[in-house]
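Below is the structure I would like to discuss, written out as structure tokens.
As written, the chains take the letters A, B, C and D, and residue 1 is the first residue of each chain.
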Amino acid sequence: MSKPLVPASFEDWRTIAKARVPSFLFGFVDGGSFDEDTLRENVAAWRRVRLRQYVLRDVSATDIGTRFFGRPATMPLALAPVGLGGSLGRRGEVQAARAAAAFGVPFTLCTPAICSIEEVRAATSTPFWFQLYMLRDRGIVRELLQRARAAQCSALVFTVDLARVSIRRSDIRHGMTSAPSTRTALARVKAVLARPNWLWNVALKGGPLVFGNLKEYVPKATRLEDFKAWVDAQFDPSVNWQDIEWLRTQWDGPIILKGLLEAEDARLAADIGVQGFVVSNHGGRQLDGTAPTAEALPRLAGAVAGRGLTVLVDGGIRCGHDLIKARALGADGVLAGRPWAYAMAAGGEAGVHQWLTHMEAELRNTLGLMGQTRLADVGPDQLLP
Amino acid sequence: MSKPLVPASFEDWRTIAKARVPSFLFGFVDGGSFDEDTLRENVAAWRRVRLRQYVLRDVSATDIGTRFFGRPATMPLALAPVGLGGSLGRRGEVQAARAAAAFGVPFTLCTPAICSIEEVRAATSTPFWFQLYMLRDRGIVRELLQRARAAQCSALVFTVDLARVSIRRSDIRHGMTSAPSTRTALARVKAVLARPNWLWNVALKGGPLVFGNLKEYVPKATRLEDFKAWVDAQFDPSVNWQDIEWLRTQWDGPIILKGLLEAEDARLAADIGVQGFVVSNHGGRQLDGTAPTAEALPRLAGAVAGRGLTVLVDGGIRCGHDLIKARALGADGVLAGRPWAYAMAAGGEAGVHQWLTHMEAELRNTLGLMGQTRLADVGPDQLLP
Amino acid sequence: MSKPLVPASFEDWRTIAKARVPSFLFGFVDGGSFDEDTLRENVAAWRRVRLRQYVLRDVSATDIGTRFFGRPATMPLALAPVGLGGSLGRRGEVQAARAAAAFGVPFTLCTPAICSIEEVRAATSTPFWFQLYMLRDRGIVRELLQRARAAQCSALVFTVDLARVSIRRSDIRHGMTSAPSTRTALARVKAVLARPNWLWNVALKGGPLVFGNLKEYVPKATRLEDFKAWVDAQFDPSVNWQDIEWLRTQWDGPIILKGLLEAEDARLAADIGVQGFVVSNHGGRQLDGTAPTAEALPRLAGAVAGRGLTVLVDGGIRCGHDLIKARALGADGVLAGRPWAYAMAAGGEAGVHQWLTHMEAELRNTLGLMGQTRLADVGPDQLLP
Amino acid sequence: MSKPLVPASFEDWRTIAKARVPSFLFGFVDGGSFDEDTLRENVAAWRRVRLRQYVLRDVSATDIGTRFFGRPATMPLALAPVGLGGSLGRRGEVQAARAAAAFGVPFTLCTPAICSIEEVRAATSTPFWFQLYMLRDRGIVRELLQRARAAQCSALVFTVDLARVSIRRSDIRHGMTSAPSTRTALARVKAVLARPNWLWNVALKGGPLVFGNLKEYVPKATRLEDFKAWVDAQFDPSVNWQDIEWLRTQWDGPIILKGLLEAEDARLAADIGVQGFVVSNHGGRQLDGTAPTAEALPRLAGAVAGRGLTVLVDGGIRCGHDLIKARALGADGVLAGRPWAYAMAAGGEAGVHQWLTHMEAELRNTLGLMGQTRLADVGPDQLLP
């Protein structure tokens, strides 16, 4: 598609972003694992869900607001944790967090972010969510939690679908997962030089591009590669339900498990007493060939119905009306990852705000055309079989 | 597809039209809302319906005529209301209305037409249908109805699937929905200059391109944009079934509700006493991701069977044989929108007449090859399961 | 696809043929009616049928021979009647009839052939089948039957799915169905000049390109267009089962009804006492959107099981193994149209023979790999569900 | 796809291989029979199988090892017999056998290999499997078995789905199945000259490219074509279950029947007392339009459950996680053909080793993300319905 005059959809933001950031970085964000079947299916599964159109009902007022763990949100959406996301724009997480705060939805800062908890905290007065990966070094985990608490993070998103970092072909093809050879190093330089604006504004003037939350634990690291190697080595495949009990002792705010796809695991989450979970396959970046989230959602929501958990879902949310579909299938809210990352790459803070405004408009518009006024009242009856 | 020597199908008319009108205008007519899934599905759903072939039956005479509210029609098709449709050719609605009258099918003039009720009335002696949107200013609505009555319009088509104007990406991308920037304004000029014939014949010699029915209510408006802004602001999302009762008091001819997709709404329409309805999703321009009309039709027709309503359907009617499929699935007739708009853009009045002649030939041909002689007798038995 | 060194499949023959004959002629043969859904589905439906692979059975001898109305055939396939087919090569029907005779399968000469019954009879000593369209002028029909009898035609194929000539867009687009305008006439000349070999060898040295069987009835016709107009006007939409009774009185050899798709019609054919029928939709050239023949076949074969009729099928037969699928679904044999036409355009008599040899090889090969030895024994058990 | 910097998937290896070997050779390896439906379906069917994601289970240790007939293997995969495979790289089978031995999985040397049993034996100390075709000359078969025994081959793979060599269009189109004409001979030379590296390193310095196992039986043959003609003539379509009994008397090691697709045949295999079988359609190169192996597998595995046979499967295995799917559907292991051939063409022995390493990494990664630790414990419960 040629570049649109005005971005009108996820595809448009993506097209613009692609033209702004180096190819290996775009590939890192855009790609999924293995054959990318789940990546594609995530999007396709939402589009297969069909909505009923009821007419001649007064829809002049539509109510889409919600509360996440007691705090109000303009609509039931949060910005998903996106590792390295901050490298798509200058101090990217700060820009996104500001846009989210101004619009009124939670921003999630991930462990492998460019901007640190403290940097984001300083830039916005609204509490954000903090995403945690369990690291082998539990001491660091404890410290990260203290820092998040100190920053008044309003929820802890604990990611559980990354027992191992999966295999993403875009990264292999770009030589990002192997020790750099002359050939891949040269290709990297070429890719960066092909995006001089990014080089100047983001990497040089907006640098350093390091993992802000982790730099004190890897003092010798200077390049992103060093951090990535360290993080990859720190992922802990032994994490299990007992670690969640330990986590409970370390964090007294809400805990959201991110990455459940089976009803059995949803029941275990309820039993162990966390406050919520995200039905997620990590945006098609981890286990390829598993269920798209729109298909898994009703099973998991059904399994914990009435137990008071906040059920979220992510993966392939592209349009405002996907929030209605998620709601109808049992979710209390959604997360979106690539959308905000591309809007930020394309337009910085203003871009993220514009994207959120589009999502809201699409949501209200669709709700009205369905003859509905309150998003919270939408259920399976509003879907076609 | 390269331009055909002789247009043989909807695609051919579309190809020719695309080459004649400015890109933003073509995009406005051609596009749908959001991901355009319903737009595509409308067409695909008719094509999935399969016909039985019976042979060795005398089919030398085929009867395809019908009556709409007492008036005869050459075949059970009406030209759908197409806002701005008149801007595709010189005084476009006049040309289309003349072709429809000559051929013997109803033409529907929409509220946001280029040519006014009076202009069309003056150009043809055959009564046409008038399509109404409920405007916030009920006084204007009353006036429009008086004008329609004065023009002897033979039916009132009241559109109900536009509680809100939906989000159409083509229009956003062309900068038609936002305040014009230098960039979008320049792009608009460029698009117009790329179609000098249209500029000369339609916009200049055939102007002014304003909303003919509404100009007296927006005296200060001079450009189409001003009208569009006014109309958009006048759409009333509070319209409900009680307004239909009120409408009943204002119009004593037949009322057709346009835009039903649920059996429940069809039953309400029958209860409230309107004369008919159109199973429609506004040609995929309003609620995206809802049912294609060929799938919804049997449910709605079944819900009001035997109650005397005229059941129409539109969306994706492209071929003469789609009328047979519609009939077999329970419709008394169909509406077609984009087809006449493109035939008019491509060939003016003669183009519309040629398109109607093709539709008739396709319809008779198919009927004969099915071993049937009377369209009115076609039912579900003539379809493959 | 670029031109293959050696043709290996229908697609290859088609590619070569396309490069040899004028575009309007290729389009006439290649195209179907309306949206060409049935044309495509015919091929797709055979490919969806799946075969079982049994191993370790002695398949050194495979028996694929059959008899059609008492006469032996090398394999259960006949060359379908292809109107104008003879114009693809020099005296095309003669070449094809010779190849068929040499290989040992029936050739069907159609009413609208280039070469007359007498010309084909003179060129081959093997009886062929004659295809008849009912013409309004029954006297001509009687004469054609006498000529076919005089030529010892071994079966009469009576086509019943052409109550009306359907609408084929390729022909409309090439201006073949309307009175020639300067534009379409010029395009025609251009298309012919782009194929100088065809012009010289087929049209000039192999001419005249007229309807051989009909020229005496249209003495004033000189161009193919004149004949086509006459034939189109002669098609009789009133033909019905009573005409079959009359036909019975005019022809004492086997009668095959060509063009049945419904079980009900198959039963009527058995009741009226014809010897066989072809399950056919005219190669997707008549009723578009009806059943592909591979799907219809089992229903019709089942309806007349045990009543002694020869059940044939055509449409989309592209490969030798399609004969096995047809047999497994209840057919006694198949017809193929475009395949021989393209092989003839590509390679004349030798081409048709080579294509038949390929079909035989493919058939025997597949039979062996299925662990089967006699084609006649193949039934539904050899198909996967 | 442009050539990737680092190969990350089957497609990448294929892309690189395609650029290295002459087109007719690539086509021979890459192609399938007839329309290549089964070739495509083989891959697609594995991708349709969907995996369950369980989280928060300790997956720090994953166990993927197995035993084939008593001998340990690093993972349950063997390199499939690939006729002429050795011609893709210099002494190709030697390179592949070495890589397989070093990695710890069985290599299968086929009858029509470039390198002889003795050459491969000399190059590696690890026993390999030997694949046998029944030849008409049983004396040669006996001799081949003696040679395999002398080389301590650890299993005999007896291929049964090649009662006849099927029809592969790529080979026909490249003129490889017909007597060479000047045109096809020239095209062959051109194709070879377009790959000078292959010509020099593989054909000239790595020659002679003859069927190593067979050269003593065809002393006059000098070119590959002569061997191919001889082999094709030696294929014996009369082979049946009694030959398996005879084979039993000639080979006292494990016998694996390669090429079963029906449960009935699987039961016969168990009854006759072989040690295992491969559910296979010869990689889509023999009976086209039959079941993809992922669909056939559960039926055959079910039919012999509990009878002690080793159930293998091949066709379309492209990714490490396909081993998990095969295991879940009832297989004890898989074979892969084209993958190793392309890795060898692309990177020689090191390439094959790298490909195996990728497969292992993909397998372990996926297992962990499914929350599983032992491949042997994976069953249908780990699949989504």
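Quick note on the criterion: a residue touches a chain if its C-beta (ideal position, glycine included) is under 8 Å from a C-beta of that chain, and two chains touch if they have at least 3 such contacts.
Predicted model, so just to flag it, every value in this text is computed and none were measured.
Engineer: In terms of CA centroid distance, which chain is the most far removed from chain A?
Structural biologist: When every chain centre is compared against chain A, the largest gap points to C.
Engineer: Averaging only over C-alpha atoms, locate the centres of chain A and chain D and give their separation in whole Å.
Structural biologist: It comes to 42 Å between the two C-alpha centres.
Engineer: Where the CA atoms of chain B average out and where those of chain D average out, how many Å apart are those spots?
Structural biologist: Their C-alpha centroids are separated by 60 Å.
Engineer: Residues of chain C that contact two or more other chains, please.
Structural biologist: If we look for residues of chain C contacting two or more partner chains, we find none.
Engineer: Can the chain contact pattern be summarised as a line, a ring, a star, a complete graph, or none of these (other)?
Structural biologist: Graph shape here is a ring: one loop, exactly two partners per chain.
Engineer: Going by the touch definition at the top, which pairs of chains touch each other?
Structural biologist: A-B, A-D, B-C, C-D
Engineer: Within the complex, which stretch of chain D touches chain A?
Structural biologist: For chain D paired with chain A, touching residues are 4-9, 12, 47, 49-60, 319, 321, 325, 361-362, 364-366, 368-371, 384.
Engineer: Give every residue of chain A touching chain D within the complex, in rising order.
Structural biologist: 34-35, 37, 160-161, 163-164, 166-167, 169, 172-175, 178, 183-184, 187, 236-241, 243-244, 257, 259-262, 264-265, 268, 281, 286-291
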